[in-house]
């Protein structure tokens, strides 16, 4: 085809392929109120394509901006275990230089017999941490049924690796007005990942940040293989900001420092790391969490690298209301 | 720990690890009405473990039995496109020897801009096909919100590769009384797959059939790499029946014949293949679909191999009510 | 270019690409004594291309023929450890139905501190086994320096997975008049594998048999992932015979039976399996070796599958002189 | 066993495993002239183990030192095509800040029909380049038969990815007194790589530098997946210096800059990159080669990153005689 129409809720997108005389057509389409965009080109994911915003787009979360030439550090525990642990971690990571707080409430766990996250019971502590320390919060959503509760509690919704191709979930998030952190599926190609982002964009939600978190390969000395090459690959193909998760990407706390430095040096717009006051006692993922002094050290090490590549660490900003 | 309790709805499971004096304890637990099972051993997925049913379990779908020493052939179109195509395919595959019909209604598609399946509009045709040709139907579920509609229409619910670790979906299916076909995630290890099955079993649904559908590797001459070695591996580790999908597993119609023969020879309890009267016109997956003469030929070829390994093709059986 | 010349020793190959007016040119070239072949087409590996021998080529080793519609079973110990073990194994596998003997003399071992094979010290036992039981022998070559000794001792030279892209070795074997068993590299694509074969063919040695032996993937329940889909893929792309090694391909003795059946059902021209009288005492690879009753059982199981797919087991044939 | 003896030429190594009373034994062994080392511990590759030199070892090549807290940049053409191109490249990369010259003479090429390198014909140009510009040279060896010629021409011998498990070649290099650059096999695990290095070390050659060059994964947007996580993994496990090859590791010239920065930030002791005055005309690998201004830009970008992580770029040093 040369012209195609895609319906996303009340909006329509028009795709004009090469060979179709774009100008007259697009003018015609653009004049219609129900047409949200006219896209031309050959891309399989035209809304996320770099050509749309050649200088890159930015995503605002609270007072934090992803993609505007600064490096964002997101830190926090794998999961909200107790209010005390959450508040202690939030206080310390903010003090050390984190820009945002990550915390798991609904945990997708491989086994049904392991800790599944606190669920809704954690919300009060999240709200407390957010208001007390002013850090925007990102937390994972694993089901559309959790959406309302999360929308009233957190600043950014994370789609985890295991749900990157959960299309009903993506479609639901596409109609929200809330930033989404879209992690790469653990065996997802760049094209599949950009197509997953396209579900969000096509629904009307353009506040999307991509997160490389390691892919599955034959190598066993790390839990996954952190594919840092994908950072500049994405920078060439999409306008969306890109961050890196060295905790999940390597599965080893001792690799978080070097791989965070490498991620920023490779061009990432930030990193997201797991931090726990006492990793050995964490209910999940302790082996890939920094302790509090380790996180402080991380920020100290990242600063000069971020400067060297011209994307300094994001300074603290006042929190915006959810 | 040595004894652990897992809650699944109103039921509880008790796990007794080695070192715990099982006999007295298990008698105590077994006497309680709210304890559904007492499991001992070291397995990470004790309910699916082979030791529980050393001769293997069977799963009944309509008049069809998976796992009882017969080879089941499931065939049908990738998706229900029109009632005519569906009915034509159902008539022909039954005539050629299929035991069950596969048909996609809710399709998880990589791109939001491609055909997404007919959705609920296909149900009438499914019911018609089912009642006219008496073939039990398996169809994919991608969201809990589709559950009620599918329960009233199809005989077996398929969890696709992309949802193998969609734990809220698995948990919901675990509380249903309907057989589930659980496909392997495209980069899932055997342990992750068995743990996903455990979500179903722990919820109380023991009617689970596993389906190998190819894993993602570096090799590009096939769409995925069909891992037939996993069939005997699973036979040693779980009592659940195992079938193979050579259509998705290879992504090439010309490989369906040899890989179906190989799957049965390796010990699979059946195969599931895509069939379309006119593959070149299919709205999805035509490149990996057999045409009708090709399917007939497949059955002819499978018969002697199935005989050679002592698991003859499943004879036609009367349909049971959904 | 449209015409290219490739020098291989004293011979030249001429490649005529589409667009070049082949007929007059090729007649001209064919009339020259130093031109060994004129090839046209677009293949990156024209000498091995299926179009050259659409019905497949055959390779003769002693009295055994690969590729002529029969299934060949090669069996023997991972390595020649003592003359007694070798002779005992040879006697028994022949009695049970093996057509050829495999035995390692020069072993490529991952660690320098493990048993490296007997080397030249094993030759006497090989010659004895060969003359006493009449089985042609295949053995691995890891260096050009071993060539003369092996040529005077064994019937077929194996290039192992780790040397599939050892081009000086391939080039040397290309100028020999001795059949070569070319195993797939453990992360080799089909194209790389066919290009490796092309080194042999371009040198003038057309007696090449390919052997799938498992590829490296993320899955850990088998040592490698046996890629049986590659068998029909190769059958469509090359005229060379193809066999399968389920011992190395799975790394588990308990999977040799089902995967050998599957290999034959998928269309392989034979299998090569490790057999040891007392696997637990083997100096290498005992975990993936059948014992003698296990091998006998394998032949019994393979017979009906081989019949079912129309490629019966190769009957015993008189040995030809090396 | 608790004590094992490994013969390497005229030397012997003694391995004492835990449980064996090391002190008396090792004194006894150490007193013998033919015992080169007594190693204790459980490592599968004891000579390369980090515990042997906890602060890391260094390797000297000409005036260049790998591993001593500086970052080395090696640059040059994929292969020596003409003396002019080689000399032009050498002059420019030295001027821009390269510490060493890389150049291919014997090329392992996937297809027998592509350019195979100049071979011995290139030696004169190498000698000229070396003496004129004073850069030590590293070049690949693919066969023991090339050893003498290369020893009299180049400063460091490279074992390429395809030969990482070519054990006869490794054994021969183990007895040389010449530094070796050992690239990772394209599907090699860390353990296999360290074991390959152990062949060199056990032979007596301790001048070994490891080079990560990308591993084979499912992802197709880069030629290989550059595994930078392996850099800190190796730093924890071996004392050997580690460098990174972003040209082969990504297969894309546009990714060399960001991935070189990331490699240094991750802790690598240097990078090796392909540079060609006119990449589009290169006989091989032009697509992954920088042009001369691109290389100059690379050095400019690497400088501040190298400073930021405390391992500044290696200053130019006088050439030592081969």
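Brief remarks follow.
As written, the chain order gives the labels A, B, C and D, with residue 1 at the start of each chain.
By our rule, contacts are C-beta pairs under 8 Å (C-beta built on N, C-alpha and C of every residue); 3 or more make two chains touch, one makes a residue touch a chain.
Please read all numbers here as calculations on a predicted model, not as lab measurements.
Taking the mean Cα position of each chain as its centre, C sits at the greatest distance from subunit A.
Over half of the residue numbers found at the subunit A and subunit B interface occur in both copies, marking it as a same-residue contact. Between subunit A and subunit B, the centres computed from C-alpha atoms are 33 Å apart. Distance from the subunit A centre to the subunit C centre is 49 Å, each centre being the mean of its Cα atoms. Chain geometry summary: the mean Cα position of subunit B and that of subunit C are 37 Å apart. Residue numbers of subunit B whose C-beta contacts span two or more other chains: 187, 191, 216-218, 220. Contact residues on subunit B toward subunit C in their complex (touch as defined above): 187, 189-191, 215, 217-222, 225-233, 236, 249-250, 254-255, 258-259, 261-267, 304-305, 307-309.
Residue ranges on subunit D touching subunit C, taken from their complex, read 4, 6, 8, 15, 44-45, 108-113, 142-145, 162-163, 165-168, 171, 186-187, 191-192, 195, 198-199, 202, 216. Interface residues of subunit D facing subunit B in the complex, by the touch rule stated above, are 187, 216-218, 220.
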